[in-house]
Every structure is written in C-alpha cells, then in structure tokens.
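One structure coming up, written as structure tokens, with questions to follow.
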Amino acid sequence: MTGQLTNTRRYPRLVLGGRDLTVEVVFVTLVVLLVAVAASTSDTFLTQTNLTNLLKQMVTTGLLAFGMLVVILTGGIDLSVGSVVAFSGILSAGLVSGLPLPVAIVAGLAAGIVFGLINGTLVARFGLAPFVVTLAALTTIRGLAFVYSEVPISPENESFLTLGSAMVGPIPLSTVIMLAVFLVGGVFLTRTPAGRSIVAIGGNAETVRLAGINVRKHVILAYAISGACAGLAGVILASRVGIAQPSVGVAFELDAIAACVIGGASLAGGRGSAKATFGGVLVLVLINNLLNLYGVQSFWQQVLKGLIIIAVILVQRTNRART
Amino acid sequence: MNAKKLGILLVAGALAAGLNACSSASEAPTGTTGATASGDGSYTIGVANFTLGGPYFSGMDKAIAAQAKKKGNVEIISTDANGDAAKLASNVEDLLSKNVDAVIISGGPLESAPAALNSIKTAGKPVVLVDRKFQTGEYTSWIGPDNKAIGVQDGQFLAEKLPDGGKVAIIKGGPADNSIGLARTDGVKSVLGSAKGITLVEAPDFGNWGSDGGLTVMESLLATNPDLAAVFCENDAMCLGAQRAIADAGKAKQIIIAGVDGQAEALKAILDGTNYVVTGLNDADIIGSLGLDRAVEILGGAQVEKDTVVPSPQVTKDNAAKYLDPNGGF
Amino acid sequence: MSLELRGVHKDFGGVEVLHGVDLAGRPGEVLAVVGANGAGKSTLIKILSGALSMSAGEMWMDGERVGLRSPHDAHARGIRTVYQELTLVAQLSVTENLLMGNFPRRAGLIDWPAAHRRAGELLEEAGFGAIDPRTLAGRLSVARQQMVEIAKALVSRPRVLILDEPSAVLAGSDLDALFALIRRLQEQGVLIIYVSHRLAEVLDLATSIVVIKDGRVIETTEPARTGEDELIRLMAGRRLEQIYPGRRTERGEASLTVTGLTREGEFEDVSFTLHAGEIVGLFGLVGSGRSELARCVFGAEPAGAGEVRLPGGAGDFRTPGEAIAAGLALVTEDRKRSGLVLGMTVRDNIALTTLHSTRRGPLIDAARQRRDVTEMIDRLNIQPAHCASMAVVNLSGGNQQKAVLAKWLLVGPRVLILDEPTRGVDMATRVDIYRMIDELAREGLSVLLISSDLTEVLGATDRVLVMNQGRISGELRSDQTTEDEILAYSIGLTV
C-alpha cells in the first residue's frame, strides 16, 4: 500500500460466469453450499437441538472475531483475546459469590476493556508492534488468570448461569447478545466517524493523520473494543459452562483471526466488514458442526479450516492484483 | 466520560481486591533460594513440572511443597516447563546445576523425557516420577495412578447402572496420542465393549480436558445421539461441562455421567445426588506427598519399591463426603 | 564499452515523458546529463539501468542491439547504477553490504577476517579507505553511505557506471575523492554517465554534456564550448503555453506569518508571509527542504525553533488537527502515501477531513456527506462523474489529485498549501487545477504553491520564494522574473 513499487505480477484469476470471483460471493456460496449439503445428507442437521447448538457455539468465536476485526482493520492484531476470555471469566465467576451479579459481569467486561486500553496504548503511544505487544499480553494475562485462581471457580450463585443458558424464544440469550454486537458493530464501522476513521487508518494512517484525525486515540479505541468483546465472551463462556477455568481460551485468537480472514478482512488493515466477518464465523462453526455430525475426526476439521483459509486468501490476492 | 472513568475505577478496585484475596490464600510454591547439599540430614529437592496449567498438576506441585514443609528439613525448588518438553529438560539441567540432592518429575501427559532423565543419570542423582511413568529411560522410583484401572472401575460401575444396556458416549481429552486418556478409555472399553446391550459412541471432537470443551462436545453428541444413556469423560473437568450441556438439553434424568480425577466440583455433584454418578479419585495430594516421602527415603539410603501404584478409590454418592475436603485445593 | 540509445520513448499510462531520446557514449567518456526537475532524467536512468522498460526505441551496446528486462540483466551486461536513494541494508556491516552473496569461505563457513580485508581493499581502491568495513552501514553518515554505494557498484568491475546526483550529499575531501575516482575509472575505459544539478562540476568533469528538457535532448555539447549561463538558459528554456489564467493581484490582509522557522537537518531560519487572495510559489530542487517546511507549518512535524502565526492568534500547531481547525489545508506531495486511502471509495476519501464534523447524533450524517461529496465532484469536474462509490485507486492520476483537493476544499480553508499538485498529472487536469487555484485566490484564500516545475511556478503565481539547501535564497515577483533567475537562486547562484 505504500505505492512506491506497484506490484505488476499477475496472479491467476478465479472466474465464474465471466466475472471475477469476489470474496463475498465465495463465502456466501460456501455457507449456502455447506447448509445445503448438511440439510440434505444429515437427518440431524435441521433438528432443533442441533440448530440451537450452532447458535450457542458461534457466540465465543463470534464475539472475539468482531473485536479482532476492529483491530485488524487498523492494521494490527490482538493475540491476547484468549487469555482475556480466561481472566474475565474467572474474575466475574469469583466476584459473583460476594457481589451482585451485574457488578460481577461488568467487572469481567471492564477487565477486558482495561487490558485492551493497555494494549492499545502500548501500540499507539509507544509505537510497539501489535504482534509483540499482544503476544506479551497473551502470556501476562494468562498468568494473571492463574494468579487470581489456580483452580476452576464454580460460582454458587445460580443466577450467574442465566447469561449463558437463558433463551429468548428459540434463540439463546448469548446468541442474541452476539448478534447485537455484530449489528451495533456493523453500524459503528460503517456509519460513525470513529468507525470510518478506524477503517481509514488501516488503509493509510498518514493520510488520516494529515486529515486532522487523532490516529492514536482511534487505535487505542480499537484495542479497547477488542478487549471488551473478549471480556464479554469470557463472562458468557464461564456462565454457559457453569465453571470458570483459568486455562480456558488457549488458541481462541486463532479462530477469531481465521473468521476475519475468511470474511475477507486484510491483515494489512483497511479492508473487512462486520457482515463478512459474521459470514466467516458462520463458515467456521458450520464446518465444525457438520464434521461432528458425520463423526469426522477433529484433525480433518483442522485440515479443512486451513484449506478454506488458503482458498479465501487466494481469491483476495487475485482481486487485489486487479486494482 | 464519567461513566467510563467509573467503570475503570470499579475494575481497578475489583482487581486489587481479587488479587489480594488470592495472594493471601495461596502462598506461591516457587521455592527457596540457595540450594546446598549438606550432610546434616537436610535436603534440597528439585521439582520439574511439565505443566502447572491444570488444577491437578498445580495441586500436585503444592502437595509436594506442603509435604516438604511438614518434614521441616527439606527445601523445594519448583520449576514449570509450561508444557514444553525442551524446557523441561533445561529446567532439570538448571536444577542439577543448583546441586539439588534429588529430582521429582511431574511429567503430565508427556510420554517420555529422555534428555531430562539422561542428565539426571549423568549427575548421579535419584529421580522420582510422580503421576507419569515414562515409557523409556531410567528412573529410581515411580508413584502414580493406574489409569487403565480407573477406566475399568468406571466401566464396571456404568455396566451395573445400565442393566438393560444403552448407548454410552466417550469424550476424550486429546490429542490422539495422549496416553493417559487412552489408558482410561481403554479401561472403560474393556468392560463396556463386551457388556451386552451396550453400544459405545466416541465423540469425533476432542474436549481438550476443559469444561468448555466438554460442553461443546457434549452438545454435538446430543444432537447426533439424543438417546444416550450415559457418558464417560477422560477427566472430571470435561464431565462438568458435559453435565451442563445435558442439563440444558433437559436430559439430566436420562443420562448418567462418569469421570476421572476427583475434582472438587465433581465430588460435590456426586454427593448432591445429581446424574454425575461416579468418578475415580486421582488424588494429587496423596501422589504428591508420597512422591516427596519416596525421594527423602531414597536420600536416606532406604531400599524402596521401584513402582508404586496409588490406588484410585471409586467415588460414588455413598462415599463422596469422605473425599470432599472443603479446604482442599483440588 | 560503447553504449547508444536511439529514439527512446517512454509513457506512463498514456502520458509520454520521453519523446525520442538519443544518447551515445564511448569507453572512457564522462557523459553528463543535465536538465531541470521533471525533464525526464530519472526515467532515462531507470531505462539505462533496466529498472524500467522503454515504450519504443532501441539500445545498442558494442554494436549489438540489447533489450534490458531487469536491473539484473543490466548488471550481467556490466551496467551499474548508483541511485540518489540509498539502498544499503542499515543493519548489516559495510563488508556484508559490499560482498553480499560473494563471501570468501573457509571450510564452508564465511571467513570473516578475509571478508573484512577484501571489503577494506575495495574501499581503498575506490579511494574511500577511511571507512571501516566492520561498521554497520546504518551508523555511517549519509555521505559515507553514498561512498559505500559507489564502492559496491564497483565490486563487479562495471563497464558502464551511472551516477545519479552522486555529489548531492558529498562535500569537501569526500567530493575530491569522488572526482579522483571518476578520473581513474575513465582511464580504465569505463563509460560514466553522470547526472547532476551542479553545473560547475559537470563542466569540470564531463567530456560531453547532454541537456534534456521536457523529455527531449535539446542540446549535446562539450564543456569547452559552453558555460554555466548557457546551460541554465538551455535547461530552463521558454515555453509559451496559455495554460495559466491571467493573474491580477489584489493582495489582502496577512493570512499566515512564518518567522525564523527551523527544523534541524531540513530547513533553517525560514520567514515569509502569505496574504489573502495571493498565490505564492515556493520553488526548490528536490532536497531543498520545501516539503518538510510545509509539513512543519501544518503541524505534521514539530519545529525546532521559530513561529507560525495566523491573524487572530492561532499558530504553532502541534497536530494537523489544530492547523485544520485554524483554517489551514495541506495537499501533500505524494498522494499515494499521504493523500489518499487507496482502498477506500472516492466518497470516503473526500469526506475524510469532515468525518467528525458531519454528524447527526452519534452517526455520520450520510445524506449531508453524500451531498457535500457530490457537490465537490461537480465543482472540480472529477471524472467519471458518478465516481463517488468507486475505489479511488481506479481514478486516473489527475482525478485522484482532484479528489485530494476536494477533500481539503470541503473544510473551507483560508490558507491552502499545495505541494507539487500537478506532478504526474495530465495537461487537461493541470489546467483545471490552475483555474481552481486562481478561483480560490479570488475568493480570498491564500495559496502556497510548492513546485519544482519552473514554468508552473512562474505562470500560476503572483510571487515566488526560492529555497536552496533549507534556506529561502530569494523572493521574486512572478511578472518581473525569469526561469533562469529562479533556477539560479535555487542552485545557490545569483545572476
């Protein structure tokens, strides 16, 4: 994107019906295909139990993916989300025995925001590489989770479980919360000055700075949003499982990044949308669910996930070479 | 702006409170300095943990330290390899260079640790393995559970509970080469595989030894096999997640649960008469303290048994109260 | 080796910048290429060094027609180029930079003592023996780095050596060492193509001089037959193109006062005043500090000393945001790097400066934004007309530049700083841009037009400030000066 040397290499294009394949087309096709295959070959897929499972299982990945998207849009990355999930979960589960439920939940969420603010400040203010900062945060926050409690905490307060298990009609409350995050997040990214600034910063931070926009502030905001999403995911997960474990969430960041990438977000920043990322989450969860229904071993799920990511990046490449 | 500030303050406060509560509750076992071999009957023993990232293993580490404190004349230097075999080897070398008198290795899921064992052998120090018996290499003594026997125990209990047969699901921790899990599952299969009327369903996905994993894997299982009669998990943490999934699906009356380890929450669930019916107690406290005792005996010149299997008593509603230690760590 | 170019043309996306250049050099010659900025020297060098391919024309070496496909190809044929931009790897030692890939080995491993010795010899041979080959390249001064670059080009014993402004960063004994080196190479039969602004040294070194202007060779001469004055006249030339609107200055109140502004290593003690309704040109060669000055006035870089004041008291901006709020706007030199967000739409780009002010509650007022952007597209005649939701990268260079302008006009500035606004822009769009600037000035804006295009700086402005090596070296009235005079001030001469 620096524009000094234009990449004149040609990549093979993927063409469908005379048009270049776009990322959107690819993954919408993918989702439709997966659902069609699933519905026609498995009796179980369309059962209510399974659909409810699908809805529940996309919550954590979904929340983390949205936060990750916001950071990726700025051209950064947040590797610490899995550890934040663990910390926020165990913090709120620990506090709920002594404090009112809302306070415990807010504390979990706020812990995520604080970690995000620290990450963002180190990146924006001190100019450290996002990969390094959040890698350090990954281990630090994981350690703090164990410092807080080495053993899993199973909260006595039964109401703590509502967040994870309550249903709104046929849809789990946690899924509703996740969908709301995507909805509000989508509006944030497309319709608010801050959201547009974040996208623009990933495209060209210098241009944005010279346009009089406070780049640092917006980068910090992006990491805080990611932290908030991870905190929320942590509280919801602990509530859903009924036990908060300090060891939970290892490698969660990878699924979140994968969802963003499948949804067409560019790790260089500036490109990606909430809608497409949600599609990425859907694809990941569907693959997982489908292969489980067929009793396919988990290694194959990993293989497939990897292949899909490569396929999507190839499509992105061909698209970019065109511009 | 004010709301934001307030939020931050709240968390800061909560964090501080939480951290305080913790630090007073658990004295870090990361030991003492200045290891010196001495002739006055006091010893320095190094503990090499493959991982402390699970309540069972951190409990073991604490039990060793606690037992050493009880003895009075034993100093402990504890290390954590964070699940990295190479780190374990270098930790052992560090311990040897601090001139410890003996080494205790808590190998977790590690199959073997030839480098660590070799350097201890070269240094001529005794090594006691706790929980994990390595497949290769020389060691002085091993104290641990018989994982297959625990599985057999669980299998027999389930067979009794299901006289008319039924579908029994197995949730594995993974990855595929984790021999602790394999031994437990083999035990269960050896009994239930031949029991009449019982069909086994192995979950395709791993539960990764955590409650969250147990929950998701169970959810998927319930979608494909709504008619399950029982579920066996390779550890209690996964069982607790599975129990939640079963309860959410409204099948608590239909499906009974069998686990392994004796995690406090599991014991409590068993005692409360829920559908969590059995576990095999894999007591980190006992194994840890016996391991320390064994090391001290060896240093004192005693002839000791090479391999000691610590019995893993079956825990059911009838005897759960006995094992549930309200103050115990694990 | 003899080298010849015949009828070389080069165009970039339809804009031709070289219109049939002929060039010939024989072994042992020093062929100097001179010309004003934008004359086409850089393009010519890149073609010679294989970095660009020609659109039409031929290249002959020793009587054989050759086609260079890459710099590597050029290296293989014995052509080496030392660019103005430094290409050393800063984190590696001088030895590593020099011998890259050709280390002496012992038992399969790099023999470091031998490598340093070899590097030392190479530097010594080139006459730069004062440089320690063990130093990290990044630790050397720019001048020393330039010398290592030259030594590096000599490693493969080239038969043609192209030097692009080698003396720009050298001075004193370093410069003497360079000249001595060139003379030695000349004796060894190397053909040297020497590009420089410094006419005195060109006259001193060259065996023949080629003057390029507007992509054409307009004169081939020898030092004995010409002089500095004539060269300047040739380089500047005369163009009678009616592309600039007639200016009638109605100078208003002072709108921006800069006093003693200094930023170390870039510019020093710069003072000037802009007035409402006035277009002021700022001319300077590359490296004279004019872009840095603009960024500093705009608050994008901190100043070391001095003052920026607007009537009403605002000034000394610490961020671009402050400058914009006070009524400043800056169209930067490199629109890809700092003018546009290439991945976004035309609308997003134009709306960038007003993102935080165009809102309704927490959301962007999309209707107003759309209206504003459409108005700007119409007003500046950005083509295609319905481009608002197109990716800005798909616009032509000229229209991209207009989009950048639109972005700044949307904030309603009182002082507009334009840094090379017509670089890489086709003639039609240039005319549009000049009209627009004129119109804005008539509405009472102050415009500072930074340019290295002599005709532009003369034709489109009311007065011209000339910068040389970080200082204002002259101030001239556009209707009372000549291109020769401006060029002379910019290279430190006064005629």
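Each chain gets a letter, A, B and C, in the order it is written, and its residues are counted from 1.
Going forward, a contact is a pair of C-beta atoms (placed from the backbone, for glycine too) under 8 Å apart; a residue touches a chain by one contact, two chains touch by 3 or more.
Keep in mind that this is a model prediction, so the values were computed, not measured.
Engineer: Of all chains present, which has the mean Cα position farthest from that of subunit C?
Structural biologist: B
Engineer: Higher C-beta contact count, A-C or A-B?
Structural biologist: Answer to which pair has more contacts is A-B.
Engineer: Using CA atom averages as chain centres, what separation in Å is found between subunit B and subunit C?
Structural biologist: Between these chains, centre-to-centre, one finds 68 Å.
Engineer: How big is the gap, in whole Å, between where the Cα atoms of subunit A centre and where those of subunit C centre?
Structural biologist: 44
Engineer: I'd like the Å distance between the centres of subunit A and subunit B, where a centre is the mean of that chain's Cα atoms.
Structural biologist: Comparing mean C-alpha positions, subunit B is 31 Å from subunit A.
Engineer: For subunit B, which residues count as touching subunit A in their complex?
Structural biologist: 7-8, 10-12, 14-15, 18-19, 21-23, 26, 52-55, 58-59, 174, 176, 203-206, 210-212, 215-216, 219-220, 222-224, 226, 237, 240-241, 244, 248-249, 263-265, 329-330
Engineer: For the complex, give me every residue of subunit C touching subunit A.
Structural biologist: Spelled out, the residues of subunit C in touch with subunit A are 298, 300, 319-321, 323-325, 330, 332, 334, 336-344, 348, 351-353, 355-356, 358-359, 362-364, 366, 391, 393-394, 407, 411.
Engineer: Within the complex, which stretch of subunit A touches subunit C?
Structural biologist: By the definition above, subunit A touches subunit C via 1-4, 187, 191-193, 196-197, 199-200, 203-204, 206-214, 266, 270-271, 323.
Engineer: Touching residues of subunit A toward subunit B in the complex: what are they?
Structural biologist: 44, 47, 49-50, 53, 56-57, 91, 94-95, 103, 106-107, 110-111, 113-114, 146-152, 154, 165, 237, 240-243, 245, 247-248, 288-289, 291-299, 301
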